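Okay, so subunit A shows up in both of these, paired with subunit B first and subunit C after.
So, the complex of A and B:
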């Protein structure tokens, strides 16, 4: 995400400027039709009185007036805030450690970190439900160690925070990492030769330089956390109810669109406010990696510099004392140990599914009772599970293909054009990332209900395409911006026609980016739950939706078998990406 | 070309008495696993001199520089600065300034803040910092740019900021790592003059790393020529140019015409025929060696009564002189300098080459 800049297009084809720009049009039309307008329409319902059909704000009066609702709002913001701060604190050292690794090891480590992320939050949280349960492995270990409270781990604020952080830590790390990777290592070296101690070089030089990445990660995590419902629904108690759960209740069970949409407006408003603050401090274009030098006299900048100086000086003294007294433990080893531990914890719940799925018993338990493939047989024999898996797979392929085509056109256009509309197009393509999926889901639900398209595969495909668009677009934009277009010009001067240029030069060079984009789009769709809950009805369920229903209705090890299938598919996708990595470096 | 592993650079480093030794690398070496970046070297740098570490990439010059400034820990050996052992001193505690290859200016800090950084690290008084920064910026002519960010400056200006940031705290040793290589030719020459001026004014010891032999000749009091992790030759530019210690040194610096062969009597038998050796040289019968003649020491004569003959293959006009390339019978190509105003030579015409044998040099291989 960091290598992009809308402010300064990489290529300056003055003669061709704008000629490729029309390629962005399909994407703009798609996002206007299935994202922006439906969202605005859905938002407008909150201002229409249910009984009379007149304009009114009674929904908002109810929201902020009633204790029940305002408490949920407060809880949601508090949880989102806590999750964000903790994710940044826990994720920063991990991202830093990754940025110090050689490229290949970094990629492998990143795959381990992303494995739980793409295996879907549903599976993760469900795993915690089993592992942290009254008879779970954690309770067992705690009672063996003589620690109290092992039988009461679930349904508390701490558990919700832990599970949400666990779910979002990979997102935090992958957002911060690209910026850290671009920080020139020689700068900290230079600081050292100029007299800075290691802590001073870190706080005064390194940290400010990767602050953009930290802020972007914070923004994304906060907004995702605001719209979260899986974790509080599964491992949280009544006290941890969040806005999205209320939206689901209001719309799915009570058909109260006015209140449901008002809740969605609150979510959007909060997201927009966060983005506004982010823009004021860091400049929105930094999200795409544009350099905003800002004013040298900016109060915030001077404050930041003064602050890092203080902190740097403080830790420098701490370091001196540390160096004099307990020099035994090298910081580097501590960091490696910490990161290994975090990655292990990230992987634990999905790895734990494997033995659970192979249990012979009738209940999900860890450690499993006996080994066998009974539940895989049950899974394979169940038409419900098999059809859900196949549908998810098909929807994933179609949605990924659609996303890839639209995003490629747009990314190509934006990479080669410096039109003033490019900024607008960029924001539109990124917008679905900062609108909670639940809002997108209910907006599309409302739209497709009018079009009689509810419970069709096409509606789910469209929903998934909207949700996958930003990330796939960013990957392709980076790919096209990183591509040296002069090579294409060279090819044509060497006698290649337009088609040959694309086939022999452009495609081979951008291939890995395109494959990563496709796989990402597929995984996004394959693990997506929210849209499937609203748009897939009856028999038209996807795999995550089937799992969700299973968890809420009855829990049996078939679910674990399905989770293992998901894990396997994600791993296959990762292997595909790794195989596509260009060998040249 | 071949030198013993542990080179003791004696030519003039230790010879000249009186000159104070600022920095002494005693058997300093660096290996990464099994690959040796720098073999144990012995190098004494005099106080106030401008010494160039010259060599092709991979010759160990940057490793040596990093060892000196403390960014890399040596595998073996000691580093003595001003008579004190500084091998264990961390980079931030050494009194050394470094100007990095791509300047390494802090992009989030203004010019003024960049230059103030080392002074702040040394906890100087704010008012003093202000005057010192002003003076340093004045020295490089960038006072009016103090509020700009590095990315808003041109390459040459960034280079000056990096220099000012290094000069401002008056380190007694300044290391420059290929500091001029990113600049275009004109600017590079201006900066070379600037560095010479600053060197004179500040009387600091400067170690300059470059792979550009012209730059090394133009700047240095002494050149330390490096190759494959060893010191090949250490001496003044004149010494290295006029009396190269090895064929590597001869070929790396300046344009060199070189012919290999074996010694018979006072001649060298080569593929081009039998050539006279310089009278002063000591060579024993049968040994292999090379004869070296610089282009400006050769004269073009009519084919016939001459040492070598060949065809004119190229004539390169360079204003004050013309370089003529001559293909010899064996395929070797020699370069000869001709002063401007002399008659042009037809391409393909047969010419002869002559030189004073005492101006040529013999190097045992």
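So, the complex of A and C:
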């Protein structure tokens, strides 16, 4: 996971363009059919008047005219912005610390950080509900320490921000880390040889160099945060309503597809606008790690560079003052302590789930009452849970396989091509990442409803494939770009045919990337909720959907038992990834 | 939606499906269903468990027809309409309230007839059986409070719930206007007989007085049970059986039966290919012994007057239908809600965001 495409070594593409380019076609067809066209169709509904069926913009008039909706828009952007800024501030030192660690320790620490990321926000949020409750363990500790306010931790803006940052911090760190890993450490040394102080070297040399990692992380966090609904729904107060919740209400409760899709359009527009600004300021190609497109050298881009420098200069001055006043404090130890604390907090709700699952009581509580495996028995005996688990496995494997096939064909083709069409294909493959899952889910819901495919496993597989596509594609693209194609050429000069080259040379060399891609696709599907809610139609229940039902309709410790099972599966997947890592020294 | 668009989309889709089919094994195709099986959607949670034991399992034992129970949202109307409109009959029977029935029949009919004759329904209480709906689960929208929090000076009425000075403590209310507006009017001193038609402005004005003092806006019955059980709040409105589930779990709670009552029941989606089986199931649920079994597991009242013969006196006393309980409850006006729910839901959302 550590090496996303951003860290992709410079590609050594030969100019054999187009030779295998047709391999990208299945992926383009798939994404057009199940992503782009359904999304456009769903967006078009917002311009169709409900009553008359004519063209009209009344949904937008209502959206921007009514105080309520503009308020929710404002809240959504505010929360997303705050989460982004805080994630960057909190995640940067962590990523920096990680980049300073030896490779093996870095990977282990990363696994701990990524564990909550793959454990599904559902489990985390539910854990918070128990832990931060009025009579929860945090309140207990706070009252024992004499701190006030412990009994009122839930259902506020702060709780939402905290839980969202908790969910997004791992993404922030893994996005920043590869860039930091590639920064040549000799550069800062050179700066210091030339007379820069340590803070100056850090803020003016190191920080600007890893700025594109920071910016990419900010972009991903902001766009993901825009689409959140589980967290504000479960731990937010009455005013923490975000756009996605409104979309769900409008479509699921009020059957107002016009307004619902207008909200979705706003969400997409916001995401696109963010990307546009990002491209102007930092250059979009930084995301792909590939060739820099010359177009981004506009005024805004220069502004971006200037901004980075200014920020760097400012902090270096702060750093100097700081260094002068509290010199002697062991900064390195402070950083280690901070990072250990952050990792501990990241793991806290997951670890807390384990004892909760072993409770003897009939309600979820922490600390648990008594010890036993009653709820694991209930889990294993319940046909609902067992079938949901099996279905999640099956769907995960099929979706991961499908994603892998499509993505590796495309990545294979694109890694060796630099045509204009390749740029379009790249954007298409990355696009599902910037469209909130809720939009993908309702678009497919609308499409599959017309095809009578709602509540089929195949519909969920397709939805998960769309959602998993960008990250699997990026992993494979990095793999193929890092691959030395001359080895293939050597093999064919030595008489191997095309099939033999792929089987005996290419595949063994890219094996680890393929396995990581598969496991990532599987995990993506295994924890996905939104698509499962809509396309499962309440009948084809995956494990996250069963957990969601359980949280909203059932509330008992079977949920914790199931979460422990999920945790085990995620850990197994991590071990597989770890085993596949090439042993670099 | 013009026809031409549909056709092109289909073409595109076929290409997509062809690609997708490469990786999809045969077990993922539909049609693996046994012939004699129906799917019933219910409200899940404690009532869902009770329905399974009292109706699904005995029905399966008696007829050999397998019943698959699934939980649906507190408001299943959209999903219901969608499955009929798209002819994706994922449910053959669904648990709905009378106002859902109104919303499912006012513009277009989404409900199939139950096919129950008048003679068959003679023991069913008045209003609990129509041509397309059978009520079987009477519940109250009432108040629940923790008995360990008020030093014996317990709240006695909805105006007390609104009185934050005399009765300090953490409060919760349902995050939906359904049943909440009635309660808000009671708190404002409106007599039960004068509640309908609801004076909407007055109800929201009343809610505005308590808004800042509500710590939790709950969204589902199970959450209501949870926050009462673990003491997250001291008082809340509740659907009686949900608070009772917390009492059964050992929480020091009391239900104040003041408010209204309504009924959950079965309806069949129009056009289901398994209509005969679905009708057979609904008819089965009329039987008093099974209704009594249901009311024994979960504290909702039966609709068959003879079911009380199978219930112990202690059990009957905690149900909303017990004379002592129902005397301070009025019947929810389902016609009003069927007509006004959408507008109220929207206004509620605006109210919450202010």
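Definition applied: the second predicted complex is superposed on the first by the 525 of 585 C-alpha atoms of A that agree within 3 Å, B and C clash if a C-alpha of one lies under 4 Å from a C-alpha of the other, contacts with A are read in each partner's own complex, and residues count from 1 in each chain.
We take it that contacts are C-beta pairs under 8 Å (C-beta built on N, C-alpha and C of every residue); 3 or more make two chains touch, one makes a residue touch a chain.
Model, not experiment: these values are computed from the prediction.
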- Query: Does subunit B (first) or subunit C (second) touch A:200, or do both, or does neither?
  - Reply: first
- So, A:192: does it touch subunit B (first), subunit C (second), both, or neither? first
- Query: Between subunit B (first) and subunit C (second), which, if any, makes contact with A:402: first, second, both or neither?
  - Reply: second
- Which partner does A:341 reach: the first (subunit B), the second (subunit C), both, or neither? neither
- Query: A:309 contacts which: subunit B (first), subunit C (second), both, neither?
  - Reply: first
- According to the contact criterion defined above, which of subunit B and subunit C contacts more residues of subunit A? C
- Message: I'd like to know which partner A:208 touches here: subunit B for first, subunit C for second, both or neither.
- Response: first
- Query: So, does A:89 touch the first partner subunit B, the second partner subunit C, both, or neither?
  - Reply: neither
- For A:184, is the partner it touches subunit B (first), subunit C (second), both, or none of the two (neither)? first
- Item | Residues of subunit A defined as touching subunit C within the complex | 26, 29-30, 32-34, 37, 41, 66-68, 71-72, 133-135, 152, 154-155, 233, 237-239, 241, 246, 249, 251-255, 362-365, 394, 398, 401-402, 405-406, 447, 449-458, 461-462, 465, 537-539, 541, 549, 551-555
- Which positions of subunit C touch subunit A when the two form their complex? 5-6, 9-10, 12-13, 15-16, 19-20, 22-25, 27-30, 39, 41, 43-45, 48, 70-73, 75, 77-79, 81-83, 85-88, 90-91, 170, 175, 211, 214-217, 219-223, 225-226, 229-233, 249, 342, 345-346, 349-350, 352-354
- Query: Given the complex with subunit B, which residues does subunit A contribute to the contact?
  - Reply: 184, 186-187, 189-198, 200, 204-205, 208-209, 291, 293, 296-297, 305, 309
- Item | In the complex with subunit A, residue positions of subunit B that touch it | 69-71, 90-94, 96-98, 100-102, 104, 106-110, 113, 117-118, 120-122, 147-149, 151-152, 165, 169
